[in-house]
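Next come two complexes, and both contain subunit A; in the first it sits with subunit B, in the second with subunit C.
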Partner chain A sequence: MEIKFEQVNYTYNLRTPLAKKVLNDISLIIPANKINGIVGPVGSGKTTMMELINGLIFPTRGIVTVGNYTIKKAIKGKQLNKLRFDVGIVFQFPEEQFFNITVKEEIIFALQHYQYHLKEIDDRINKALQMVGLNETFLDRNPFNLSGGEKRKVAIASILVFNPKVIILDEPTVGLDYNSKKKLIQLIKKLRKNYHKTIIICTHDVDMLYQIADNIIVINKGNIIIDGPKEEVFSKEELLKANGVGLPKILTFVNKARNNKGINLVNCTDIKDLIKDVYRNV
Partner chain B sequence: MSEIIQTKNLSFRYDTELIFYRLNLSVKTGEWVTVIGPNGSGKTTLLKLLTGLLYNDSEIVIDGIRLKKNNLKTIRKKIGVIFDNVDNQFVTETVKSEIAFTMENLQYKRKEINHRIEKIARQLKIEHLLDQDPHHLSGGEKQKVALASILALKPKIILLDESFSMLDVNERKEILDILKQIQKEEDLTILNITHNLEEAYWGERLIVLYNRSILIDGPTLDVFAHDKLLNRAGLEIPFMVDLSMKLKLYGLIDRIILDMDELVDALWK
Partner chain C sequence: MFSYTFGRYYPVNSEFHKMNPFVKLICTFIFLVLVFSTNDQVVLMIFMITTVLTMLLTNVPLYYYLKVIYNLKILILFIVGINYYLGVPFDTIVIMVTKVILGVLYSMVFLFTTKLNDITYALNLLLKPLVIIRVPVKKIVFSISLALNFISTIFLQAEKILKSQASRGIDYRYSNIGGKITALSAMLTPMFVLTLRRADAIADAMEVRLYDYNTKRTSYIARTYHFFDLFMILIHLAIFVMAFWKEWLLSVI
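Entry: the complex of A and B
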């Protein structure tokens, strides 16, 4: 599902003394079936973009389209509900929102309000669990007693149960340990490759994005600084630096080898490939 | 160097969940020790136990005094704690009054207060911020102000609890560099409790908490060499450590180098 921003402005507390403009005429296309990373300093407008895509807020001016939906104030309740089936947001620390005592109840909580048949609810739960790599034994467990990574998976499953076409993840790796982070990265890749989801990740973790993203959007002070394939975006070191975004470490090393020593290493995302290339060039 | 922090067979449980079992920790005066561990390994619990925010009968000795319920005030004068989100700690309208706040409450003389503020502001390079509202500063500046407020009280020990986790890479490096300098000048003991292994670069010793006890304890670089064990404990090896160790393994460098420019120089002389 393609997402389009056309000259979108957003101002919080409009027409009050506390009015604050956070998006300035931004225009861009977020392509379907790709992993798209949004990066930028704190307060740059990342979360506002995310909330616009989900229809949690509406543009002050301009148009946001998500597939066939046009996000505007006049959007009808029914349409908005449908949009939210198609666009799922996993907020930062989603596990802090748990309030049911079993994983099953947590996952089906929202579904129950839409009067699905029990059979369909079960089918959806099983599919969501399968997608995140948890088995049925988790259903009766208390979500509060799971590990950090498992909790994050349950939170994602409770979004996937709606089978959304777009999945937005806000800082998905924050607070996860090494093993949980590794598994989450595999899951995100799988959601794009096997289930053709459009993924949007808001994060500071440029190393993770360099590994898995197709496209990167850099935003600062409400303006889109650059967007495009990750190779192109991460080649603009100075521009990124000026906008508070660091380079992935592996790329910083490749750049230093080139700039300081004239050694041209291949741009790779895996440390093993980097070492092989260093070995060839020493 | 004498022991300034000691726990002897420290065990602690929350209800039925055992967090520590016979944990023996010993930190010498002037050491910078990084304590790391995966989620739920007891990092924050350890900090709370050392400051008496949590209490049981296990033996904890701070600067030669056994921590007891009736001497918490004395113990806490020796320890300064910096948390990750300092916003909620600010109570005044200028950086200067913020640093002075606790000293005023402890009835320090005005001359002494001014002298300490001047010195700390110079050390932390925040002289230009003294008249500003601390709430309106950047993340890194706020942490410096929080650090200044603590350092002004001249504690012997600083406990960092994920203190710099919300800062970007550059801000974090800057404040850790400054703190390292002050640590050397003042012979401060620092216990940095974090989940970010990169912060271990600044300390000479690294302790890994795992499964209710200490999994590894040793000089930082020696601990980094246990990469598989660290991964199994859910810890991510920092990029430079990983790269440097592998290059050393292939015989491309003869020692672990953590500075990227230096590593590039060593590879292509």
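Entry: the complex of A and C
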């Protein structure tokens, strides 16, 4: 599902003394079936873009198109719900988005409301749990008492249960330990490769994005600075630094090896490949 | 998602914003007592004019006041319905609804023009005389100020949960009554859990910063009285006197 922003503006608290413009005439295309990363400093408009795609807020001016849906104030009721079933969103702190007392209730919340057959609900729960790597023993547990990584998985499962075509993840690696982060990265890769989902990740974690993303969008002060394939975006070091985005550690190492020691290492996304290349060259 | 009109401070420049919060609270208190104690249509008309003038002087767009009244539509319909069912005459129902609307509007004038800290200060001064009869005013005001500070936390939390529900196809804004009830009832448990956790975190944060409840505290901001404060209190006292001399007022009109 392709997502298109055409000269989109968004202002919070419009027509009040607290009005704050967060998006300025942004135009871009987020391609389908790819992992797209949105990076930028705090307050640059990443979360606003994400909420626009899900129809949680509507553009002050301009058009946002998600597949066949056009997001504007007139989109309401059934049409809006159809959009929400096609675009799943996992917020930054899963704990703050839970509102049920068992994992099962949390996962089936939307399906139950739309009166799905019990058998279909069970099938979907099992599939969602399988996709995120949780087992059935979690179903009766309280989501508020799970670990950070497990909470994140339950949040993703509660989205996957209605099989969306687009999955948006807001700061998915915040507060996760090394192993949970690694498993989450594997899950995102699997969702794209095996289930052909369009994935959008808003994050400050450029190392993670360099590892998994196909495209990168850099946003600062409500303007799109650059967007394109990750190799192209991360080759513009000066531009990125000027807009508060650092380079991934692997790339910094490769650049330093080339500039300081004249060693040409291959631009690889995985640390293991980099180590092999270092051994080959040194 | 939530509207701006939940009685939040509206930061513009007006004489009402500059008023001493204690005087403003006294004026609001006098006005509310008068509005709810009179049934006279002429006096209510005078109150209505006073309220509209006050609203205009606050420089807060009238749209925000109207939105508050619009949000009260269910309450108003309930008052009308129950009184109609009990056989209360129509003009009495109109007076009743007018009194509720005027009360809410005047309270909004106070809330739109007064910051949270100023409300606490005003309450502290208002309740201070009760110290004589050994009422723990300090404790009460401290609890009220913490509770008031919590309102924004609770609304933020509620907004996050409603957004989470909306992203999963149950949008409170556009749902029917069933959807609205589902959304709100599902919100209660996490609100309770998360608010208690937040309260615990705040208590710990205050403790590690050596907050001692029994220590005497000073006020960081010195609040003064101006001519407009005197003017407003005189106007309200005048209305107070006039309302109590209703017959005299009616004979004059």
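One rule holds in what follows: the second predicted complex is superposed on the first by the 278 of 282 C-alpha atoms of A that agree within 3 Å, B and C clash if a C-alpha of one lies under 4 Å from a C-alpha of the other, contacts with A are read in each partner's own complex, and residues count from 1 in each chain.
What we mean here is this: contacts are C-beta pairs under 8 Å (C-beta built on N, C-alpha and C of every residue); 3 or more make two chains touch, one makes a residue touch a chain.
Note that the structure is a prediction, hence the values are computed from the model and not measured.
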Side-by-side fit of subunit B and subunit C on subunit A, or clash: fit
First, second, both or neither for A:275, with subunit B first and subunit C second: first
Touching partner for A:158 - first (subunit B), second (subunit C), both, neither: second
Subunit A as apex of subunit B and subunit C, Cα-centre angle in degrees (nearest 10): 70
Subunit B versus subunit C as contact partner of A:81, first or second or both or neither: second
Which superposed partner A:66 touches (first subunit B, second subunit C, both, neither): neither
Touching partner for A:18 - first (subunit B), second (subunit C), both, neither: second
Touching partner for A:97 - first (subunit B), second (subunit C), both, neither: second
Partner chain(s) touched by A:109 [first = subunit B, second = subunit C, both, neither]: second
CA minimum distance (subunit B, subunit C), superposed complexes, angstrom: 6
Set of subunit A residues, in rising order, touched by both subunit B and subunit C: none
Footprint of subunit C on subunit A - complex, ascending: 13, 15-18, 51, 54, 56, 76-77, 80-81, 84-85, 88-89, 91, 95-101, 109-110, 113-114, 144, 158-159, 162
Interfacial residue positions of subunit A with respect to subunit B in the complex: 41-42, 147-148, 175-181, 204, 207, 244, 246, 249-250, 252-253, 256-257, 260-261, 263, 271, 274-275, 278-279, 281-282
Subunit C - residues contacting subunit A, complex: 1, 4, 10-12, 61, 157, 160-161, 163-171, 174, 179, 182, 186-187, 189-190, 193-194
Complex interface listing, subunit B residues touching subunit A: 38-40, 139, 168-170, 195, 230-231, 234-236, 239-240, 242-243, 246-247, 250, 252, 260-261, 263-265, 267-268
